[in-house]
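The same chain A turns up in both complexes below, where it pairs with chain B and then with chain C.
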Partner chain A sequence: MTREDIRTAVLEGLSNIAPETDPTSIGDAADLREALDIDSMDFLNFVIALHKRLQVAIPEVDYPKLLTIGGAVDYLDAKLA
Partner chain B sequence: MGEFVMPSLGADMDAGTLTEWLKHPGDAIKRGDVIAVVETQKGAIEIEAFEEGVLDRPLVELGTKVPVGTPLAFIRTAGAPAPSPVPSEIKLPETPATKPVAPPIAVSVAPPAIGRRVSPAARKIAAEHGLSLEGLKGTGPGGAIISTDLPQAARAAEPRAAKKPGIDLGEMRKAIAAAMARSKREIPHYYLSHPIDLTTAQQWLADINAGREPPERILLAALLSKAVALALHAFPEMNGFYQDGAFRPSRPIHLGTAIAIRGGGLVAPAIRDADTLTLDGLMAALRDLVARTRAGRLRSSELFDPTITVSSLGERGVERLYGVIYPPQVAIIGFGTPAPLPRVVDGKVEPRLMMTATLAADHRVSDGHRGALFLLEIERRLQQPDTL
Partner chain C sequence: MPWDSIHKQEAHTGTAPNLRDYATVCAGFSWEAARRALDGLPDGGLNIAHEAIDRHVAHGRGAHPALRWLGKAGARHDFTYADLKRLTDRFANALRTLGVAKGDRVFGLMGRLPELYIAALGTLKNGSVFSPLFSAFGPEPIRSRMELGDAKALVTTEALYRKKVMAWRHELPKLTHVLLVECNEAALPEGTLSLAQAMAAASETFAIEPTRPDDMALLHFTSGTTGRPKGAVHVHEAVVGHAVTGRLALDIHPEDRVWCTADPGWVTGMSYGIIAPLTNGATLIVDEAEFDAERWYGTLQNELVTVWYTAPTAIRMMMKIGTEIIRKYDLSRLRFLASVGEPLNPEAVVWSQQAFGRPFHDNWWQTETGGIMIANFASMDIKPGSMGRPIPGIEAAIVERKPEGVAVVEKPMAMGELALKPGWPSMFRGYLHEDERYKKCFVGGWYLTGDLAMRDADGYFWFVGRADDVIKSSGHLIGPFEVESALMEHPAVAEAGVIGKPDPMAGEIVKAFVALKGGYAPSEDLRKELLGHARKRLGPAVAPKEIDFRANLPKTRSGKIMRRLLKARELGLPEGDLSTLESDER
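And now, the complex of A and B:
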């Protein structure tokens, strides 16, 4: 899976939990919670979606690494490598 | 012969628009079956049957806005006489299940495709462009239709719209205003506040979740709700309704759960019988409720009778929430945002994860002394998370 594929998975995961927003419009370094008004339930659903789609383990202690689009892509890319 | 009426879904609802029949004349109805969908200030609500029988003729046409209490259809109970003939002036909708509602009287909402979940954004776009959602392939969660499933031409115009069908935020604001104005006018609130140490509970949750895959993980919100539900067993004066000059306690504990709508707005549907659910069961109910609230698809029973409300600010908020009671309820619990703070434990200052819990309760029913004991009981329960 390429980095671009991972990025697509992240963006689609975000637009599914926050369909009213446009995740492509926020920067790679923006805090998702602030930029998309995401709460802990939304975030859990985002993690569930990535876990199912990419078949990677995402322990709770790693959640802070997934708080930006750039961070999430880096994290998942490393996990899948 | 029973009547199936437009139900009241809270102190702030006086009318609703019938948008969809999910059962048809002649269908057998069980208690709890979803019979119809009604568009309200709180989004599209699935209306459930309260009795068994056979659905008889509809009395109201699709697209009609009618006051609460208006009969929508007859329900024939077992052994009841055969259906009365349909009067000629009542037009039966032909194949109502598959035919989109003809855009009548200012219905600002696209009818949802039958049995389909549709994201609010997709609904909004479809409504604005008069698109039918029939035959579209949904790629969202559970096959839901999301905005990217709509034809490109429609999506291009997406950003200009401000209104969000499914949930009309303007209408929702009116509903909130009506309920809260009534609360402030009628209910003599008293307020209490108490800091709760969540260090133990948080650590317990982290340990549990470490051994679980994401779909099975539990959020702190579920733990807080369970603690409130169990604490209520000893405080019946906080659980029920103040109506017609008297308090009517409720034996079931239906935990109204304040859920924010992105972009503004708030609904507090119930987790029914929350005290009887396991922590996993309560977490599942909470996830489902949040998803359906945000999609604008709640069930009538969830809005009909919450017996108390819990409002949590979550991770991004402030220390303390001063609740306004949702009438005719008599109490609301507020949970502030947990934060690490210095606290004296066994004579030493330690960093602990602290959360401020508040109670606003109705002085016509209870006093501050009992309210204080109630908050202490919630605190006590949260110190023993393995018993929740």
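And now, the complex of A and C:
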């Protein structure tokens, strides 16, 4: 899976949770919770959906690494490598 | 009982609990004496902000830290009691200059910024009424609450104003002033003021408005099963309850550093994230950032937090992450842990004992009660899963509604509605503009809470569930009607029914069932469109997390959607009495 595929999965995951937003319009370093009005339950669902879709184990302690688009792509890319 | 009690031993060192023996304190307690323990205003009046701030300055504790604020990005600001006095005096002067008077409603809409704390307490000094709004509300919940509450002034950030208020601001004729923080003073939106500028121009001494104990002070919105949100009216006398419950239920001592993680947009963050700790002369720790377990443990350690008041959803998330990471932190200063918002499951109580070396103390109250009513106390054995016993001065009972009133249920562990004997100081004094709705809460000399509970033979109370359809998600009450109304505004929606679906983290999540109008067909795209529609209007705290399509929703003869039936079917539970069902689900 390429880095672009991972990015697509992250962006689609976000627009499933917050369809009223355009995740491509926010920067890679923006805090998703603020930029997309995502609460802690939304974020949990976002991470669980990524886990299911990409078949990557994401331990809870790593969740904060996925709080930005850039962070999520880096983290998943490293895990899938 | 499947869970063993957690026994408390008398500590021989360290801080002795404020409530050493439950029975003794209850026997000697009176609200009159608690009131006398406060100073009151020089003329005999009572003002929450005076008891919270000015009183300590007058008693020579002006240099004591009142508030330590931690910014998202690592900033840190300290405010002493004398600082808070000056700043809230300035804020009150700024309000008065603008013509905001006693009884006028001032709304606050922002994250946990220092200005929120200053605005809340400064508003009270001016004799005006403060009404906090949760910053994660969308435009509709904000607007409906400000309309119902006759907002005269709003204190918010420029970003929140532009995103959630500006579009409809002029449709609220009573809203005369908008004060902005975190704003670009060179290019303010039309009709707004910079709070910093207004405060800079104001004097820093202020004579507190001589409020009486029964003058309105706070307006907290909560949700019912039907109709619009309800504005629960609280008065300045509530501070007597905040002082007592902070001292007895949260065991706050003047040298404590208290971290209440609740946002002041909700009643817990106002009563126990501001008023109770300050009234008891302690130091508030405020973190602007959202939940992040490692950050939280760092805050507990670095800020030497001694009293920590948080919520089951956060505790369950920490539990999931596990205890290993907790061992990296020195949390030895933590003395008292408490939880509120929804019942804390016994597993989490037992886990906390093992994870932190001390258990979480669950307690129970609601927006209407203004303060903690039933609690697990520092000196009292905990039965995991129980909300504890009533606060001294509070009479609680389990009752059954009867055609002619209510009957008290004396039998241990019999289920009924939790009821409280009216008359405690922080009791709500009305739902704003809705006298009938208020009166209906009191039957046969009891305030009926709408919560179903049981009491055991030792006097401990156990939560069972809500008596109505109100949803409790992450500790917040959500009215299904508010969510259904927003969904109905979408052109594709013919009917909507909203329920609380049990969730291991949040307690319940908001789930919507939707039937479409002719010409629309269910699809994944439409589901997302409806979700986005609801989120845009309601914000993430209120909008549904799940939406399912139905061809028809179950209804009574009068056309009322049977949420109870939707919920029973969602959960696979017995469907109960179907005699009123006229049109069934498809």
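In the analysis below, the second predicted complex is superposed on the first by the 81 of 81 C-alpha atoms of A that agree within 3 Å, B and C clash if a C-alpha of one lies under 4 Å from a C-alpha of the other, contacts with A are read in each partner's own complex, and residues count from 1 in each chain.
Here, a residue touches a chain if its C-beta (ideal position, glycine included) is under 8 Å from a C-beta of that chain, and two chains touch if they have at least 3 such contacts.
As the structure is a computational prediction, the values presented were derived from the model and not from experiment.
**Q** Given the superposition on chain A, are chain B and chain C in a clash or a fit?
**A** clash
**Q** In the overlaid three-chain picture, which partner chain does A:E4 touch, first (chain B) or second (chain C), both, or neither?
**A** Once the two structures are laid over each other on A, A:E4 reaches no partner at all.
**Q** With both complexes superposed on chain A, which partner does A:H51 reach: first (chain B), second (chain C), both or neither?
**A** In the superposed model, A:H51 contacts chain B only, not chain C.
**Q** Between chain B and chain C, which makes contact with more of the residues in chain A?
**A** For chain A, the partner with the higher number of touched residues is B.
**Q** In the superposed arrangement, does A:S40 touch chain B (first), chain C (second), both or neither?
**A** Both partners.
**Q** Does the superposition put A:P64 against chain B (first), chain C (second), both, or neither?
**A** second
**Q** Give one of first, second, both or neither to describe whether A:P19 is in contact with chain B, with chain C, with both, or with none.
**A** A:P19: touches chain B and chain C.
**Q** Chain C: which of 134-142, 152-160, 206-214 or 404-412 bumps into chain B?
**A** Only one listed stretch clashes with chain B, namely 134-142.
**Q** Using the superposition on chain A as set up above, list the residues of chain A that contact both chain B and chain C.
**A** On chain A, the residues that contact chain B in one structure and chain C in the other are 15-16, 18-21, 33, 37, 39-41, 44-45, 60-61.
**Q** Report the residues of chain A in contact with chain B in the complex, numbered from low to high.
**A** My answer: residues 15-16, 18-22, 33-34, 37, 39-41, 44-45, 47-49, 51-52, 57-61.
**Q** Looking at the complex, which residues from chain A come into contact with chain C?
**A** 15-16, 18-21, 33, 37-42, 44-45, 60-61, 64
**Q** Can you list the chain C residues touching chain A in their complex?
**A** Touch residues, chain C against chain A: 136, 290-295, 313, 317, 320-322, 325, 473-474, 503, 505-506, 509, 528-529, 531-533, 535-536, 539-541, 545.
**Q** Can you list the chain B residues touching chain A in their complex?
**A** So the residues of chain B touching chain A come out as 119-122, 140-141, 146-148, 159, 164, 206, 209-210, 213-215, 217, 219-221, 260, 262-263, 286-287, 290-291, 314-316.
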